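One structure coming up, written as structure tokens, with questions to follow.
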Amino acid sequence: MDYQAILEQIYQTVKAGENQGRVATYIPELARVNPDRFGVCLTTIGQQSYAVGDSQERFSIQSIAKVLALCMAYKNIGNTLWKRVGVEPSGTAFNSLVQLESDAGIPRNPLINAGAIVICDALLSYSPNAKRLFLDFVRMVAGNPQLEYSQHIAESEKSVGYRNTALVNFIKSFGNIHHPTEEVLDFYFALCSIEMSCEELSRCFLFLANQGKLPGTETEILNPSQTKRINAIMQTCGFYDEAGEFAYKVGLPGKSGVGGGIVAVRPGRYCVAVWSPRLNPKGNSYRGVALLEALTTTTQDSIF
Amino acid sequence: MDYQAILEQIYQTVKAGENQGRVATYIPELARVNPDRFGVCLTTIGQQSYAVGDSQERFSIQSIAKVLALCMAYKNIGNTLWKRVGVEPSGTAFNSLVQLESDAGIPRNPLINAGAIVICDALLSYSPNAKRLFLDFVRMVAGNPQLEYSQHIAESEKSVGYRNTALVNFIKSFGNIHHPTEEVLDFYFALCSIEMSCEELSRCFLFLANQGKLPGTETEILNPSQTKRINAIMQTCGFYDEAGEFAYKVGLPGKSGVGGGIVAVRPGRYCVAVWSPRLNPKGNSYRGVALLEALTTTTQDSIF
Amino acid sequence: MDYQAILEQIYQTVKAGENQGRVATYIPELARVNPDRFGVCLTTIGQQSYAVGDSQERFSIQSIAKVLALCMAYKNIGNTLWKRVGVEPSGTAFNSLVQLESDAGIPRNPLINAGAIVICDALLSYSPNAKRLFLDFVRMVAGNPQLEYSQHIAESEKSVGYRNTALVNFIKSFGNIHHPTEEVLDFYFALCSIEMSCEELSRCFLFLANQGKLPGTETEILNPSQTKRINAIMQTCGFYDEAGEFAYKVGLPGKSGVGGGIVAVRPGRYCVAVWSPRLNPKGNSYRGVALLEALTTTTQDSIF
Amino acid sequence: MDYQAILEQIYQTVKAGENQGRVATYIPELARVNPDRFGVCLTTIGQQSYAVGDSQERFSIQSIAKVLALCMAYKNIGNTLWKRVGVEPSGTAFNSLVQLESDAGIPRNPLINAGAIVICDALLSYSPNAKRLFLDFVRMVAGNPQLEYSQHIAESEKSVGYRNTALVNFIKSFGNIHHPTEEVLDFYFALCSIEMSCEELSRCFLFLANQGKLPGTETEILNPSQTKRINAIMQTCGFYDEAGEFAYKVGLPGKSGVGGGIVAVRPGRYCVAVWSPRLNPKGNSYRGVALLEALTTTTQDSIF
């Protein structure tokens, strides 16, 4: 399939349409981004990349990093992880505290804020050096030793992180956080601060399209069964209270971030990353969703 | 792949294990079923069927029929349907009224009771003969003109249908039911009363594995895009508040019923139906889920 | 205290101010009321009445009748009543179904719709003739044998009573309704349909200001302890999610109805009834609350 | 009325009965209290005190102090306070976060944790020295310059204060906390740490039975209208989700604390304080409620 031609055509079509929505402003640093940036990159499991627009420019991947933290935790901790966090869609907004109360501190899934915070805590139990080891893990799966935490993004987020501070303390009041809340949040804000370009992102998540192996090597990050499960969780939980809509329109497992990035995986074929900072009311990139919908409509390769 | 050998092996393994859970007793007629019945049938898009156990015995398909009602409504009414019902997982039990109140009478998705009731109402607007036309539709997609509503099941359900009567009246109080509540419920209880065997079920849902066409013919029930969307809705919403768990463990779009049946679709390959009346605490067949998990683990053909 | 002079002065002041809010329109018959009607009557336990404005005109007392049903049930059934309904403020709107779900069909208190419906069912267990006996009871406490159910109001309410039909069926699904839902609703809509004038209302509720005895007689409707408890329930639960505001501003136990009436009790002194059909956003009479606030501010006789 | 004789009789009766419930253990220091302590003191507005049992022993008044913080804030800030906190009963547990989310950071009332935290923040805006000024205020209304914050109680509470840390951060995420969260919590934990005996408590709250004036002086703490409003708020909101039950059984405005204390006010007559550390499932003193119920049953002086 001529992915380059397809991407160019749908990119132009989406770009010619409206660019609705608003850039996330609750984190001061994110508010400074040019709202009209727009890039996409698709990388096949054969490691061919096809890109259009601002595909080389780095942006804050934010919640997309939660998937990587989950992968590292699942690899190293295994199924006991599911005693502390569920795999069900939440039916509520990404930072809601309501369900935590009725569920006694067990977050519904690892891709909402509450769940990712518990994953951070679990990784800190796995190793006191979890923050450094996580960066090593991301560099390895991305094949890119230069990736870094963005200290000014992390600090910007920390300066207004009242809701996440509420979450970690609330969960700790139920006994489901084992480390000091400051340490857990420091790790959580760091992981959300990683910056990547669409090209880097599409390479970084490629192992999830390749049964868990790093393409071009024999390195197994997750086994095939674990990989399918991560993809299943992305499908049902990757887009907050728009997960059903995304499955319905796009039909690929994926994850969005409030920086305007979305990564999506076509098992057995490719990984695609798109970036456009304006967000729809549910907090997902407006043009990002539109482009991915056009992609699977054109290529007919939704997983359904 | 030798589906017959695989099914026989996993059937014996699951049968040798515990048979936990309880038969649904809230509908008097359902409580009479032998709790140890257990059957499975897988039919490929090439129309080959592979079956083990009680695969020819009919049972009450209950909520599985909601998918067929959705297909008929989507085919005939199209996307305006989504003004009256969402496509998001509900995060709550199948018969909850809570979200309806915060969502002002718009059910979260068409596969919970509230949503299926709205679909019934929408079909009654499409035709006053909707109840008869729906049976014609099911007979057609199943290729089986002898399928019938079970009057004694429908009446048994009606005799205790206080929760569903509450639902339809509650939705009507928001203006999202346009016909008399008795008429809507009469249709709803009828559609839930249909009885099929695993073999019949696996053939009836086969068009969803075949891009919307009836296998062996050129008859298009839904177009490929519509078909993917129905499968996506089943994936995210087909198992109530266990949808994430089912995606995680099994990795196929599907739908369960309180009669103990589950149907699951592998797009491009097959449809599989399983029946075992004991339900887990979330209301899904205990052995049914176990068998399907074993199936996709063995065949490695989850969609993820 | 010169109640006549006080009432006249505050009536003029409130009348000179704005008349905000909207007449209840969800029941067709209520929507026809002249929105500028405004009357008040205060009757002392010495049976002196002081009235201003449209104090002789009958209006639909609606939910105010729930207190009378509660009194009759408490008198005849006693404390076992509290196994089926609580005495806590609900914190939600008068017709909410949300708490019923978490509370498994036990309404929070007898003055929200759900609770009054359970009271009706309890009275039907007390006597199959409950509907007639309740009218006898109201006529007796009001000292007025001419009071009647309004059939056209009851039928008007029934014609749009989807929310209440939802409530009774929902509660029955939890087992907390023992009679056919139609019969319970028929009684419920009847009791809400009673019409009284401010003067009649202030006399009808006077026993609650008189330790439970009908003034001028020795007839005990409730004993002093029971009477205090009814007043306490009115104080904490009589104004839906505005109960705290009413206690704060007015400081008397009372009950409002969507017909625009409010009755309030000053234990040991008087009962006052006010009527003005425009309702504030919480469903309580805008001018009614204003007048009662002015009354207790002037007389300094809030119970607090 | 011979209050001494009455108190002695009901004290013995309650003491002879069961002592159900559990001492609060979530704050380590509270868990060390002797669970069988039991004292009561009633002080009339003529400043006569009547006491039985452990009435001179100090205990941690905990949430009872929230009423004093509210009085100081209402006195100094006035009605603009109600823009930041409501006066409605919450219908949920004392430390619930659920309603804060639907109410966008406006606590339902000033006597639940969330509301008291906002009151602390408001007092910090009134004066940076609020913590010291509040202690001065309590000493003044108690007529007791020796009252102190208990530093070890405050620190004990802080060491496990995850839920309250969650609350203050959650509210701040909505913009309804204006000072640093640490500063607000430091004040909040301090005010909850005050220790008083039943005798001291009954004198401290006596102004609320005396139209706002310190008995024996002409010092007005609150004007009569403000005083009634504080009493009204105690009546509807002073016992968490047992406020209705307390109004129903006891019929006096009051406030409880998890230290096992309860203070109740009979406007125009007296203030009574009782202490017994075992709490019922709603978090209110088991024997305290029983004794107050016996008191108003015997004296017939509930406000209703």
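For reference, chains read A, B, C and D in written order, and residue numbers begin at 1 within each chain.
We take it that a contact is a pair of C-beta atoms (placed from the backbone, for glycine too) under 8 Å apart; a residue touches a chain by one contact, two chains touch by 3 or more.
Bear in mind that the values here come from a model prediction, so they are computed numbers and not experimental data.
A.B. asks: To lay chain A over its twin chain B by CA atoms, how big a turn is needed, in degrees to the nearest 5?
C.D. replies: 180
A.B. asks: As a quick test, compute the distance in whole Å between the mean CA positions of chain A and chain B.
C.D. replies: The mean C-alpha positions of chain A and chain B differ by 32 Å.
A.B. asks: In whole angstrom, how far does the Cα centroid of chain A sit from the Cα centroid of chain D?
C.D. replies: Averaging C-alpha atoms per chain gives centres 47 Å apart.
A.B. asks: Give, as an integer number of Å, the spacing between the C-alpha centres of chain D and chain B.
C.D. replies: That pair's centroid distance is 55 Å.
A.B. asks: Which chain D residues reach two or more other chains?
C.D. replies: none
A.B. asks: So which chains actually touch one another? I want all the pairs, not just one.
C.D. replies: Taking the chains two at a time, the touching pairs are A-B, A-D, B-C, C-D.
A.B. asks: Which stretch or stretches of chain A touch chain D in the complex?
C.D. replies: 96-98, 101, 162-163, 165-167, 169-170, 172-173, 181
A.B. asks: Could you pull out which chain B residues touch chain A in their complex?
C.D. replies: Interface residues on the chain B side: 86-92, 99, 108-109, 224-225, 227-229, 231-233, 235-237, 241-245, 247-249, 251, 253, 267, 297, 300, 302-304.
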